[in-house]
Each structure stands twice: as structure tokens, then as C-alpha cells.
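You will see two complexes here that share chain A, one where it goes with chain B and one where it goes with chain C.
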Partner chain A sequence: MAPTRRFELAMSPHVGASQTTRKIMFDVVIALLPALAAATWFFGPRALLIVFLSAATAVTAEYLCLKFMKRPVSFALDGSAIVTGMLLAYNLPSGVPLWLPVIGTAFAIVVGKQAFGGLGHNIVNPALLGRAFLMASFPILMTAGWAAPEAWSSSTDNSWGTSGIVQEEMSTIPMADAISGATPLNVLKQTFDLDASAENARNEGNIAEAESLEERADGIRTVLSSNSTYMNLLIGRSGGCLGETSVILLLVGAIYLVMRGVLELRLPISYLGTVAVLAWVFGGSGWFDGDPLFHVLAGGVILGGIFMVSDMVTTPVTPKGRIIFGIGAGLLTMVIRRWGGYPEGCSYSILLMNLVTPLIDKLTLPKVFGEVKKNG
Partner chain B sequence: MIKARSFKGGIHPPGNKDLSSKQPITRLPAPETIWVPLCQHMGAPSRPSVSKGDKVTRGQEIGAQNGFISLPTHSPVNGTVKSIEDFPMPHRRTGPCVVIETESEDGGQVFPKWDDYSNHSPAEITERIKLAGVCGMGGASFPTYVKLTPPPDKNIDTLIINGIECEPYLTADHRLMLENPDDIILGMEILAYTLGVKRCLIGIEINKPDAINLMDEKGCCVLPLKVSYPQGAEKQLIDAATGREVPAGGLPLDVGVVVQNVGTAAAVAKAVRDGEPSLRRIITVTGRGVVSPDNYDACVGTLFSDLIGKSGGYTEDVKRLISGGPMMGISLYTDGVPVTKGTSGLLVLTGDEVRDVVESPCIRCGKCVDVCPLRLTPNLIALAAENERWKLAGDFGALNCMACGTCSYVCPAGRYLVHYIKKAQDAIRAGKEA
Partner chain C sequence: MSLLKDLTKGIYRENPVFRLVLGMCPFLAVTTSVENALGMGAAATFVLICSNFLVSLFRNIIPSKVRIPCYIVIIATFVTLVDMVMNAYLPDLHRSLGIFIPLIVVNCIILGRAEGFANRNPVLNSVADAIGMGIGFTMAMVVLASFRELLGNGTLLNINVLGAAYQNQPLLIAILAPGAFILLSFILGFFNILEKRKGGRQ
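Entry: the complex of A and B
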């Protein structure tokens, strides 16, 4: 046969896995959908609207940035902007005004992502940066808009407080009506305040008041650690950011991501494991009496652990580095929960760890094959 | 049988070996004209020792060894030298070839037959292997005799025969193990005798149970290995077989091991027992871009276009022509390229088989770090190389990369990681520091 010349030249390898950045991003979007269903069910169609607005703003902002910088605009549809928009929305209370997610997402994309060079180059998680921006700029709106979880559900059972804690059980605690808590973690924070007040009272010699305060704190803690509270937190029938409450549906998303080979388990496991251990160590009233289950189920650590601690771009690439990142973020989360000014520390802990990611990578580079002589 | 072993990292690309694994090896006669490359081995090309118009006989030396890391080249046929000219090569751009008009392939005895190799000293055998032009037939084509002359301070205690064939699609070594196990075993014994080693293993991946059973029945010490790419890479094979890590920048000799491919073992047996130089090799022609994939026993110097013709020609949607396997093979713009001693396969891929992703920025997913068999951080090396920060790339261990392609395979951003890392290697070796 006469030689022919018509073949394409390319660098090896000539075959490859079917996974692409786009597929990964849309897998994340899919994995976020079950929790969105829960948010719509518990917080009403407004939750859906916020998520939609946020995602649409993200894509638009990305498109405009790319256009302005004369880069290929196809990046705007690679799914990463949608993920950022959805995650930011998931971190908002459902009662926020509709312009809030719009400016938050625009900030996240423009300043958090495109200013650093776009996909793959941002230093911190853009969604969390957007949330931090909103928290700093509109603190009241960001913490006042908690809707009661049954707003849209068919349930007519009104015995559930916004925090997902059964009012009936709460009423057995002395002066329960003095407890206001929009989210389970707010309620927990108040037990710490009660503990502090009790200690003050004790120091001032007011033993009776101290005991009464301690009794209240213990009473609340008992309710927080009850099976009905666990159940509410698990299904998402509790106050909180709209996408963070339904633990069980977030876990469904996680299972999907693991099956698709997108979720690397070192990060979520080291993060949630650290949260659980430290919750037991200092998450309660004293030492070694905290409730790890409550701490893991409440607040945003499940959402954060699955979708933000494991954000690929802003976390270490080395196996050891990932474990260090997870442990560091878990530690910061629990320190903020216990001693910080906010009831929840998930997003700030991740932002702080994002900043040290390059350092972690540098210090945990794997030993190259053959660098340590085994039989030398 | 002992439990299958492996190494840490690696990937599981679709094997696609069933395209050709059931095809017995077909012996092809030499074509009318052959282009015998003088640079079939790693190292310096042979110096041509014939000139235009000369009559050559089968097995005659047509290129003389040219330095330590070099080998002689022999004519696979009786015929007339038409010219000596540069020609496209499978592993480099072009190289000198002796073009021979074939008259016949009838074999005279080239070297004396040695019925019992143990009557000859290891030094004599090594010399024979050198004169016969035997080089590694697994791909890198390193002169075999050099591997058999370790520096005196190295104590070699293990010989591993590599029957892994971890590249997808390729089946040449598999067919050779099934059809000619006796030559492999004899070659193995000769190599072990020459090196003076007692411990001798043959590593085979468990996706070739027939080859494992056959070698086991023949009394070989078979080491079954898990299917994982790149299990057949020398360092990974040694790690799986002995638990020893070849030092970074070192050679298998440094941990007392010599690895030889099954094809090399068979070539050694032919050189020593039959006095036959290395003139032919087994080659798989496969991929969905060729009509009937097959395994051939072809003369070196046979053009790829001849092999494709024997396999029924190209299919309509042929896209890429590759010398070697899909992971490390080199893509060619033409099929007017001769077979060398190191050509294990000719792969013709269609558009559907080729990975077609547009490169996008690294999203730091870390998959390349997880799979790298040498525990490198390919994404970081590639980033450094892209920014021409060669020193940084070197600090990340760029020089250790063997270009197995595992990282590029898994990269969701479709980044040309191997390309960037090779670029860094070239720059570092050229002494660029930035």
C-alpha cells in the first residue's frame, strides 16, 4: 500500500477519561438540587427564586467580565459560575430582599473570581467571599430574614419554632419564652451566654440565680440533644440558611458526587470528623461533654463540608494537605461556634483556610518516588 | 497462586485488547523494498558499513556499532543496497536508513549455534547479544548488552521479565507469551545465567490469565500483577515485585534488579541458541481505524503502510496514527515510516477513540497528584513550565517524570501536562534556569 500523509499530530496520551471540568461543575449543580427541593418545601418558592436570581446573576456577571477582558465567553457556561451563584444563595436566609443575592453574587464573581483571573485562579471560594461581603455590609438583613421552616409546607402543625426545636418541649424549661432563637446554633449560643451569666452570678455570690440560669441552660441543651431535634435537623425542618438545613438531602448529593468521582473524601471527612471530635471536647458547657451529633447536623457544616471545604480550586491538591485543610477548617469552625461572635463559623473558617492553601501545598508536597531509599 | 500485587497510584483505561488478542501472530515475508533504520536503539546510530549498489546477505552487518550505548544493525534480507538516506522515524523526526531491494529471505547461518549456553561464559554470551544487535523490545530500545554489564560494585540479585503490556490495545507481548513461551523461558535462563542471579520472575497482569497459566505450567515463577497503568513501567514493576524503590534519578541496578521485556528474552534466546541476529519483531496493528486488527511478525524496515495494507487498510473515520500504545505512543503524520526493533504496536485511532477536549485552566482537582505513579505534582510542574519557571519546575521534581501520561489521562481540564513537563525537562537539561 502506498504511504499516505493525512494524520493529525498530537501529544500523548491519545486517550483520556471522559470527565471534563464542565461535567464536574454540572455534577455539582445536580448534587445541589435535592437540597434546593428541601429549601423550596420548607421555606417557600422565595427560596427557589433567590437561588435562580443568584445563579442567573453569576452567569451574567461572568459573561460581562469575560467580554470586557476579551477572553472566550464560553467559560461563562462551564457551570462554575452557576455553582458559585447557587452556593451563595444556599448561604442566605430565605427572607432576604431580592436585590441582596444579586449584588452578593456580582461581588463574588467580579471581585472573588474574575479579578484573580477567572476559573482556577481565585484564591478564596467566591461564594463564601460574597457571603462575607454581604455579612459585613448588611449584617441586619443577613441575620434577620430567617423564615419559619413550615412556611410553604402543608404542615399545619405550628408547634415547631423557627429553629426547629419543639416549642412544647421548650415550654417545660423555666422562662423558655425568654429564649429566642432563629436557628439551632443561635439557641446553642444562648446556652453559652447563660453559662457565662451563671458564672458571673456565682462569683457575685448570687447562688440562687446562678443555679436557675444553669438549670435553664441544661434544659435547653437537653432539648437540643433530643431525638426530635436531631430528626428535624436531618430532614431540614429548622431555621437557617436556605440550602444548609436539609442534612439528609445534602448527603444524597454527596453520594451522587462520590459515585461520579467528583467528591474527594479526604476533605469532608477530615473536616466533619474534626468538627465532631471538637464538639465533644469543647462544644458543650464544660470540657468533654459536648454533643457531636448536634454540632454536625446543625448549621452549615454539612453544606460546607460537602460543597465548600471540598471546592477544588481553593483547597490543597496534595493528599496530606487536604487532611490538614479539613482539620484546620474544623478547628476554626468550632472555635468560632464556641467562643466567636457568630453562632456559626463554617464559612469564615473555610475562607481563612483558603488563604493558607498555597502554603499547605508547599509544605506537604509528596516525597517523590525513590527519594527515600527503602533498602539503602 | 500468590495474590496479585501492584503499586500506588495508576489508572484503569479501557484495555481494548480484545480487538487483536485472539489473532495469532502472522509471519510476514519481507516486502520488496525495506528501509532499515540505523538508529533503532537508544544511543548513537550505527555507522553505515555498506554503500549504494552493494550486495548484502541476510544477517550481514550493514551498520557498525558506534560507541558504548550503541549497537550494530543487520540486514533482514538478501538484496541490493539502493541508497542510504534520511527517512521519517517512529520515535524521532528523521533518521538514516539503509534502503534495500529485497531478493530473498533465505537464511544462512549468521553466528554459530550454541546448543547449550552453559558451555559459554557470561562474557561470551554478552558479546553475542551485543553482536546480534539485541535491544529492549518493550519500547525504550536500550541496548540489552549494556544492561548485562553492570558496574562491578552493583550486586544484582533479581531478574524480572516484563510481560505486563500495560499499554491499552497492544497485544504483541501477550501473543508472544502464548505462542512462543519456550524462547522466552530459554532467554530468561540465559539472562539469569549471564547476570549470575538466582531469583528470576516473570511479571504478567491478571488480565492475561491464559499467559499466566501457561508460564506457570512451564515452571516459571510467575508474578501476577493487578491491572493498572503503568504497571509495566520499570520502577513500578520493581516496586510491586520486590518492594524496592529505585532511587530518584537512579537505575534498577541500584536496587539490584535487571528488567527485560519478554520480547527481548525471546530475541536473546534466538541470538544465543540459533545464532540469529535481531531482524524481526512482533508488532500489533490495531485500533478501530484499521479494518482488521492483527499481530504480525515483521522484518524491521517494513513500512507501516505495508502493515496497514495487510490489515485491510484504514476505515473511513481514521484520525490518528500512533507508533506504540495510546498512552505513550508517538503520533505520526505519515505511515511511510519503518518498523524498528522497538516498535511494539501501530495504533490507528478514529475520532471517537481519540480524546477530544479543549484545554482549559487547571481547576486544582488534584486527580493528577492522586494517580501519579512517581508521586509528583504534575499540575504544579506544568504551571511552572507554562510560566517558564524552569528552576521551580525542577524543584517540583520535573526530571523524575517518565511521561507515562497518567496525569493527562485523568485531567478534566484536558491540560497537556506531559507536554509541559517534557518542555521543562528539556529546558532544565539545556541548563536554563529561571
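Entry: the complex of A and C
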């Protein structure tokens, strides 16, 4: 199956398709470019450098692996390695040292993809595996490198940016100095911590302290659910990984992919829908008072929902299976965000669902035409 | 000579970890440092030699229907011995190996050699087999532990090898559980390639 040739040997009936791996992958690369522009604008040219290094490493690692395994090296240019490299870079904070994307991408390609037999045989999304590898190996670098977007862009009006307002709030929170440039979800996590300490204080009979803590948590929540926060999240003026912040430009990429017939909407919609519903139910201080809009706009779920949940290799092929996958990933994302140790659960939720993809496919296999149900 | 063959086969040709893929639990769990690996290897080798010796000695007395409980009693005796001696004289090592010392009782290499070799071979051969298997197990543990300690901590036998700069940002995953699995798979893959190159000759 050379990347430029159509798959030709099959039983009838035949339906011709002009889609090839190379075309699809380069469509994905094109769809990723608007978000890259936003990353460069908000986080500086360093973001561009990280993405470039990551993509170059991916192609080089793929080439070396194919050479080592004596397989056609032209596979290295089918675009899938570039997509993996770019997606991994999009999952990194902009402040990481430059060797980090190189190591992460090399691991993603060598262990995550080629060790399993190359494109189409990998069981989990290589880019997300690379991210999980980096998170386990370099937890400090992976979570301390958040740069506030204002650091680069020309505007100095800090009060307008999410991190500006929120950091002012954050400075009143004990231990807030442990986070350098907070991401919106870090801040949200702080409100849960405040709620917990408020409850503790209340149980100890310290009503005044409990009330002040609750007030502070509510104050932050009000800021997070304000229109200016939504606006900043939409255009990408918030702390976070390189490619996840600019929702609008990610959506531009998604529209392009849908128009090209590459992105099938069942997965992203079931995923983001589940996140939104669960955010409304569990995302606030009590029941049914969460902010679904904030949860969908903040963090990596838009990036994950468009480019990772819909990865063709590692997600189910049946329509029903795709919806199950999306719901499962959304559920896990919200469980990690609300009760887990990490502020964001997007990548781990997709990795976990990747592992059960073969089972989902098996369970949702459509009935063969004319088949009669056994054990009637 | 078959005695020599019994001694050497455990080291490479029937290496308990890399060729038979036995004893994975201690192998993956305690290989976070070379020191732990050596300690575990020595403890397991001691138990292996003693249990193989006794099982082989009593192989005609132990009724075959209850042979597994008998092996367990023999093995557990020596494991308790090791546990107590180590606790008394090497408390630091004992602490870092923790639960995996008592767990030698259910180590499938030891049980496997008792069941698969000692109960049908003479005493001398069984002891030779146990020494070989013990060396093979210890070597395998040291190989994986060297990679893990070097990558995950920058040290070998607690001596700084890769420098302070590396130790600030080591490849932490190597001494975590996933790192053990990933490195094991690479080592097993390497041995499979080696075996393939040899052209399938046994």
C-alpha cells in the first residue's frame, strides 16, 4: 500500500475514491495551520520553532525506522508523521526547552507508531502517547512552562486578558505562586481546592473562614464565566498548550476538514456534547450549576475533539462505535477535570478510549446483510 | 558434559527472563536500581539453590499428588530465612525491596525449576541448574536495572555517571512502571533479533 497509489486489490463491489493517505494527511496539516498562526501570534516565534522541530523530528524518526526495518522509506513522506509531530507540539507549553519536543516526537514515532508496525497498526494515538511519555518523564517542565500570552503580543493591557484578571485573583489564593502562568483550567482546579478547604473549615466550626474561602471561589468562578473570558478563550488569549488555545482558528480548521470529507462529525460532536453536559451537571460548586461553555472552550477538548478523537487509525470505524467512543472520552475527560489530579484530562481520556477501540468495534459490528440471528 | 550444560544453559540459552519470560513480577518491580537488582538476584539465587537441592533430594519421597504444597513449604522456609537475615544485616536493602522478598515464595522461576527440573534430576545436576538459573536471573535483572537507573536517575550503583545537569531533568519514566515495560520489550525484541540472526538453530 504505497501512499500515492490507490488500494487496488479487493472483492467486488468496488467504489472508487480519490482519497489517499497522503491527501488526507496534508488536508489535516492544512487544517492545523490556522491554530499555528494563533500560537505564533500569542506565544511568539518560539512556538513556530517548537512545531517545526517536532515535525522535522517526526519525519526523520519515521525515515530511520523504515530504513532499519527495510520497508519503503517513501512512507516517511505520506504526511502522517508530520501530523503526529505537529499535534504533539500543539500539546506542549510554549516555554519548554527545545530538546523536549525532539525527544517526545522521537518516542511517539518509534515506540508509539513504528514499533507496532507503522501507520494503521498503532493501537494508541502516537502524538498523545508522546505527550503522556513527556508528562511522566518531565512533569515539571511539562506543567511549569505556561507563558502568559501577553508576554509576546503587542498589547500591554493586562486587565483585558484572562490571565491578567485571574492572576490578580490568584495572587490572593494561598500557594498560587506554585503556578507560573496559570491556564484557565488550573484556575478552575483552584476553585475546587478552595471549595474543599471551605468545607473543611466549616466542619471545624470556622464559619467565617469558610465563608471567605467560598466567596473567593465564587469570585473566581464569576471571572471565569464572564464574557471577556469567553472572548479570550475563543481567540486564544489564554494560557495553555501551544495549539489548544485559539478555539476560533481550530474551528476554521475543522470546517475545512468537514468540507474535504476528512472529518466525520459523529466523534467530535458526541465528545464535546458529553463534555458540555457533564460540565453543566458536575462542573460547578454544586449540582447542575456548572458552566458548559467554559469547559468546552478552555483546555484541550476542542483540539482533541477535532484532531485526536477523530484519528482514523485509533478510533472505532462503526457509526455507533464512534458515538460510544466520543461519550466515553468525554466522560473520562470530565472525571479527570473534576476529581482527578490533573487540571486537564483530554489526552488521557482519549488514550484510554483508544485502548478499548477494538472492543467497541467488535461490539458494534453491523449485522451482515441476510444474516439470521442465531440462538433465537 | 551434562553437568556443565545444566550449569550454563540458564545463562543464555534458557535464560529464565529473556528466553523463558518467567519471574516478571520481581523483574519489573525491583529493577529501579542496580543495587536492588543485585540484592534481589542474590536472594532469589540462594532460595533457588537451596530449594532445588532439597526438592531433588526428596524427589522420590514426595508424593506426586501433593508435590506443589511440599515445594511451597520448602521454598517458604528458605525465603523466611532470607527475609530475616536480610532484615538483620542489610536493613536498607530489605526496606527498598519490601514486599518482594516474601513474594519470592511465589516466584515462578523457583517453582518452575522445582517442578520442571529438580523433581526428575539428580541432586548435583539440580544444584548446577539452580546456580545457572540464578546467575541468568541476576544478570537479566542487572541489565534492565542498569538501563533504568542510568536513564531514570543518571547513576549506576549510586555513582553519578551522567552528571548533575542530567540529574536535574532525568528521563523519569525509566524508573517508573511504564519504563520497565517499555525497556523490557526493547530487550526482548533485541534477543528475538539475535535468535533470528542465528538462523533458528537451537
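Following the convention adopted for this analysis, the second predicted complex is superposed on the first by the 332 of 376 C-alpha atoms of A that agree within 3 Å, B and C clash if a C-alpha of one lies under 4 Å from a C-alpha of the other, contacts with A are read in each partner's own complex, and residues count from 1 in each chain.
Note that in this section a residue touches a chain if its C-beta (ideal position, glycine included) is under 8 Å from a C-beta of that chain, and two chains touch if they have at least 3 such contacts.
Keep in mind that what you see is a predicted model, and the values were worked out from it rather than measured.
After overlaying the two complexes on the shared chain, residue contacts for A:Lys70 are found with neither chain B nor chain C. Judged by the number of chain A residues each one touches, B leads among chain B and chain C.
Once the two complexes are overlaid on the shared chain, A:Val111 sits against chain C while remaining clear of chain B. Within the superposed three-chain model, A:Leu141 lies in touch with chain C and out of touch with chain B [touch as defined at top].
Once chain A of one complex is fitted onto chain A of the other, the partner contacts of A:Phe133 are limited to chain C, with no touch recorded for chain B. Common to the chain B and chain C contact sets on chain A is no residue at all. By the touch criterion stated above, chain B contacts chain A in their complex at residues 11, 13-14, 168, 235, 239, 243-250, 255, 303-306, 308-309, 313-314, 318-322, 326-336, 347, 349, 353-355, 357, 360-366, 369-370, 373-377, 379-380, 396-397, 400, 403, 405, 408-414, 416, 418-419.
Residues 103, 111, 115, 133, 136-141 of chain A are the ones touching chain C in the complex.
Across the complex, chain A meets chain B through its residues 1-5, 7-17, 19-21, 23-24, 75, 78, 80, 117-121, 264, 312-319, 322, 361, 365-376. Note for the complex: chain C touches chain A at residues 169-174, 176, 178-179, 182, 185.
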